[in-house]
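Presented below is the structure to which this report refers.
Should a chain be cited, it is by its letter among A, B, C and D, assigned in written order, with residues numbered from 1 in that chain.
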Amino acid sequence: MTALFDAVSGGLFGATAEAAAETTGDGILSGDAVEVGYLAAAVCFILALKGLSSPKTARRGNLIGAAGALLALVVAFLSTDLAHLALILLAIVVGAAVAVPAARMVKMTQMPQMVALFNGVGGGAAALVALMELGETSGADPGWFSLTATAFTALVGSVSFAGSMITFAKLQEIMTTRPVVLPGARWVMIGSMGLAFVLAVATVASGNLVAASVLALTGLAVGVFLVLPVGGADVPIVISLLNAFTGLTVAAGGFVLSNTLLLVAGTLVGASGTILTRLMAAAMGRSVAGILFGALKGGSTAGSTAVSDRPVKAVGADDVAILLNYARKVVVVPGYGLAVAQAQHTIRELAEVLEGRGIEVLYGIHPVAGRMPGHMNVLLAEANVPYEALKEMDEVNPEFKTTDVVLVVGANDVVNPAAKTTPGVDPKTSLLFGDAQDSLTKVLGAVKTL
Amino acid sequence: MTGVALLSVFVLAVFVGFEVVSKVSTTLHTPLMSGANAIHGIVLVGAVLVTGHADGIGAQLVGLLAIVLATANLVGGFVVTDRMLEMFKARPGAGASAAKEGEGR
Amino acid sequence: MTALFDAVSGGLFGATAEAAAETTGDGILSGDAVEVGYLAAAVCFILALKGLSSPKTARRGNLIGAAGALLALVVAFLSTDLAHLALILLAIVVGAAVAVPAARMVKMTQMPQMVALFNGVGGGAAALVALMELGETSGADPGWFSLTATAFTALVGSVSFAGSMITFAKLQEIMTTRPVVLPGARWVMIGSMGLAFVLAVATVASGNLVAASVLALTGLAVGVFLVLPVGGADVPIVISLLNAFTGLTVAAGGFVLSNTLLLVAGTLVGASGTILTRLMAAAMGRSVAGILFGALKGGSTAGSTAVSDRPVKAVGADDVAILLNYARKVVVVPGYGLAVAQAQHTIRELAEVLEGRGIEVLYGIHPVAGRMPGHMNVLLAEANVPYEALKEMDEVNPEFKTTDVVLVVGANDVVNPAAKTTPGVDPKTSLLFGDAQDSLTKVLGAVKTL
Amino acid sequence: MTGVALLSVFVLAVFVGFEVVSKVSTTLHTPLMSGANAIHGIVLVGAVLVTGHADGIGAQLVGLLAIVLATANLVGGFVVTDRMLEMFKARPGAGASAAKEGEGR
């Protein structure tokens, strides 16, 4: 017992402490000042996540996070004597010059792709950092603990990179949004995971850069095969999962570099991302394992698409307008179709007209309507719908008792399986076929003339 | 920091991460995910430090690539989150009924 | 800037690291194994607090905490070569032999005293530990950081000890429960706080054991004068505050000894105790500063006791029984009087009889009814009232709309100032005078005969 | 552990402490306070270590006193908390209406 612990700790802590000395010893700031600076940045990140958890403080929270990142970067530059300073600054400028316009100009409906893309490149960067650090320390033995963290970073960072790129391609409709199940995919997946395991063991045992690099390449394959069989409806959950993966990767990178800030920031994201993923999966009534491995077990992860034979009541825009006009309380249930048709402004205008006539209008937001959880909130907020009117599923369900009309806009897919919580879907339901934008514009015109 | 210290910090950060987001409303899931996504872009600090100590030209190029990618994650992440949140504003005085309901809970 | 930070960190981190080596270097377990053991114990404490936050997991949480403490103690014994082992074990046995029977036999109404007492001795122990550590390291300079922690521990530990003892004496009615405002108390308080400040500075500057010991004695005086002017009604808040103080003291002790476990455990208690104190103060509509210093600013902290001239409607037990019997929904608001009269079993029996007749019975618990927050819950739980029937103020307030009878048992004091949230206190209120136990027994008998 | 490591641990523990109890119901205020009270009795570990290294007879006596006090805090705290919690049990199947209301929220 004692002997074991001693052996472990010899390998475990000797080299990391040395590495810390290496990276924080020779700059303008003392090592302790650097650590205190990193701690302050970590606190900023915690406050950022806390702020982001409440609508009133969300924006300030994000700014606090950005301030923390800036502080950390300044501290890093002052912490040690950096070679190639000009090139490093240039690379930062290039990265910012690409990302800022992209982030500024992206359309609201394309936000999810953007998040997936940024997540992927972050994971890729973490994997590259771990490989480089391994290359640098090739002489000394970094110890099994640090090597395990290196292998983890290289593997999971690559998985996150490749998975996010496939997700991006699916969302951007560069490739099909349908689940892709290649013949024998199951065996390819099992094989590449096995290979990754062997390579990870080899990396830890030998500290060999080649083994770690091949491990990273295997990670790319794992990432691709992990996300390919996921159907469009499950994509939001996968983005959240990959986000948590990148967080854990960065945390492992913190162990590799003995850097508290990477450790805390990555762990925060990994832990909160895991919770978020579970919340989302629970809201859709799915298990994360089912989403990832369901397709491989046979069939895609998309729901059954058997067409029901029940007669539906098709109505025109005028009928809908009349229904709305003589209601006292209307709940709008927006869905993916609202985003596709960019009809958020029209629905807001319609709601305002109705409110002008004393009709109460609420929005019932299914947690996974749209392409990401909360996508509908962002979209409606863009159209200046105040967030007080946006109700979550739990809040809005009791409202239905006193509601006269429920207007389901491009959300048949979320309302249908949710039939148990949304009463009266069958006989009292009328369908207005057509594009959400066209139809709503017609309804709006009809309401105005009443 | 020593290994045990890092381990202690890791364990505590796990609890902070779990607890902080466990109360978030679905309204904020997308911005929260996006903000968390920006935060892990802080791997940029690691990329800068490693590149600043890189020896070979190959390692330098890889390091610069990592810096570009990490910067995109960090900067782009915060900007896109801010854009989302820009739109979350309370109704300016109007909508008394909605506001009342919001407080009623 | 750089020079400053370097100077700071020289004093700051040199000696504490050395102290750590001293206390964890020479035992059966390696230093790292000890740290990992302490970390596991710290995790147990976090899980304990998490568990204690939910009724279903509370008991398990407490057991997890106890298991963590046991683990930590075993690790401590194996961490280093301890002298006087037999005496140390004997002291532990003595402490346990005193505490366990006391904790087992205490009556439910006397729990608050017990908590205050245990809290006080913990604070005292922390102060003694800090003084001893200072005495041990008298040769070397422990650095300003460690000395600041020492001064904090000695002072706040003593304040917590003395304050808790006064609280105990008040609750146990060894002394008056009225606020005690000695003439010139204000100046004595200001004087002893000033003296404490001077002594703390002296301790940090000199590292002198005598200065630190006098500081601790001054802390005793501060503690006494802090709690004396607090009225009985504010005592629960003060217990909570002193609990947080002891937590912070132990955390500072962790800095002094470079012991992660004391640091984490103490900080957890300090942080959670602070939140708890604020929650309680908010529920009573008081500020913590107002409670502590209100009496000194003039007058006691007890509420005004001006007798109202409004006519009251006095009724008999039979009338109450009839009211209850023909209600559909009854809310019981228990208070301090229920505890004093030990009437919890009678009220439960009454509720069961009413429920047997199809009447819904809820308990509306004011957060600070009784002698401690949640005191009523503990008391009613003792009488086998299920916790689902216990409603907090926020939950029960909407229920009043549909409630026919509100039975206020020994809680006139909490209901009265809360008149704004409890509708209809005035004209619809009837009073049944007498001891809670007697009266309830009569009411119960009357209900049974109906 | 070094000073900065202790500082980092302290800061994270503050957040954990704040977050963990911020959701507690008043029903559990007394047991929570009592449990927290028991936890700070872990100063016993400090008392044992210091006493085990104490030199003079005076220091030893003070140390033994500290051990007695800390043990009373630790052991008594957990026992008294357990006694309180022993009594918090759910109604055994009966009281459908109360249980329903409990879930209705």
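Observations, loosely collected:
Convention: a residue touches a chain if its C-beta (ideal position, glycine included) is under 8 Å from a C-beta of that chain, and two chains touch if they have at least 3 such contacts.
Everything numeric here is computed off the predicted structure, so don't read it as measured data.
Placing every chain at the mean of its C-alpha atoms, the farthest one from chain B is found to be C.
The chain pair with the larger count of C-beta pairs in contact, out of C-D and A-D, is C-D.
The geometric centre of chain C is 11 Å away from that of chain D, both derived from CA atoms. For this pair, chain B with chain C, the centres built from the Cα atoms lie 37 Å apart.
Per-chain CA centroids place chain B at a distance of 33 Å from chain D. Among the residues of chain A, those in touch with two or more other chains are 9, 12-13, 32, 35, 46, 260, 264. The set of chain D residues touching two or more other chains comprises 1-4, 8-9, 12-13, 15-16, 20, 23.
Of all the residues in chain B, the ones that touch chain D in their complex are 1-2, 4-5, 8-9, 12-13, 15-16, 19-20, 23. Residues of chain D that touch chain A in their complex: 3-4, 7-8, 11-12, 15.
Residues of chain B touching chain A in their complex: 1-4, 6, 9-10, 13-18, 20-56, 59-60, 62-91, 95, 97-99, 101-102, 105.
The touching residues of chain C, counted against chain B in their complex, run 32, 35-36, 39, 42-43, 46, 260, 264.
Those residues of chain A whose C-beta lies close enough to touch chain B in the complex are 9, 12-13, 16-17, 20, 22-23, 35, 41, 45-46, 48-50, 52-56, 58-59, 61-63, 65-66, 69, 72-73, 76-77, 79-85, 87-88, 90-92, 94-96, 98-100, 102-104, 106, 111-112, 114-115, 118-119, 121-122, 124-126, 128-129, 131-133, 135-136, 145, 239-240, 243, 246-247, 249-251, 253-255, 257-276, 279-280, 283, 355, 360, 362, 365, 367, 372-375, 377-378, 381-382, 384, 386-390, 392-393, 395.
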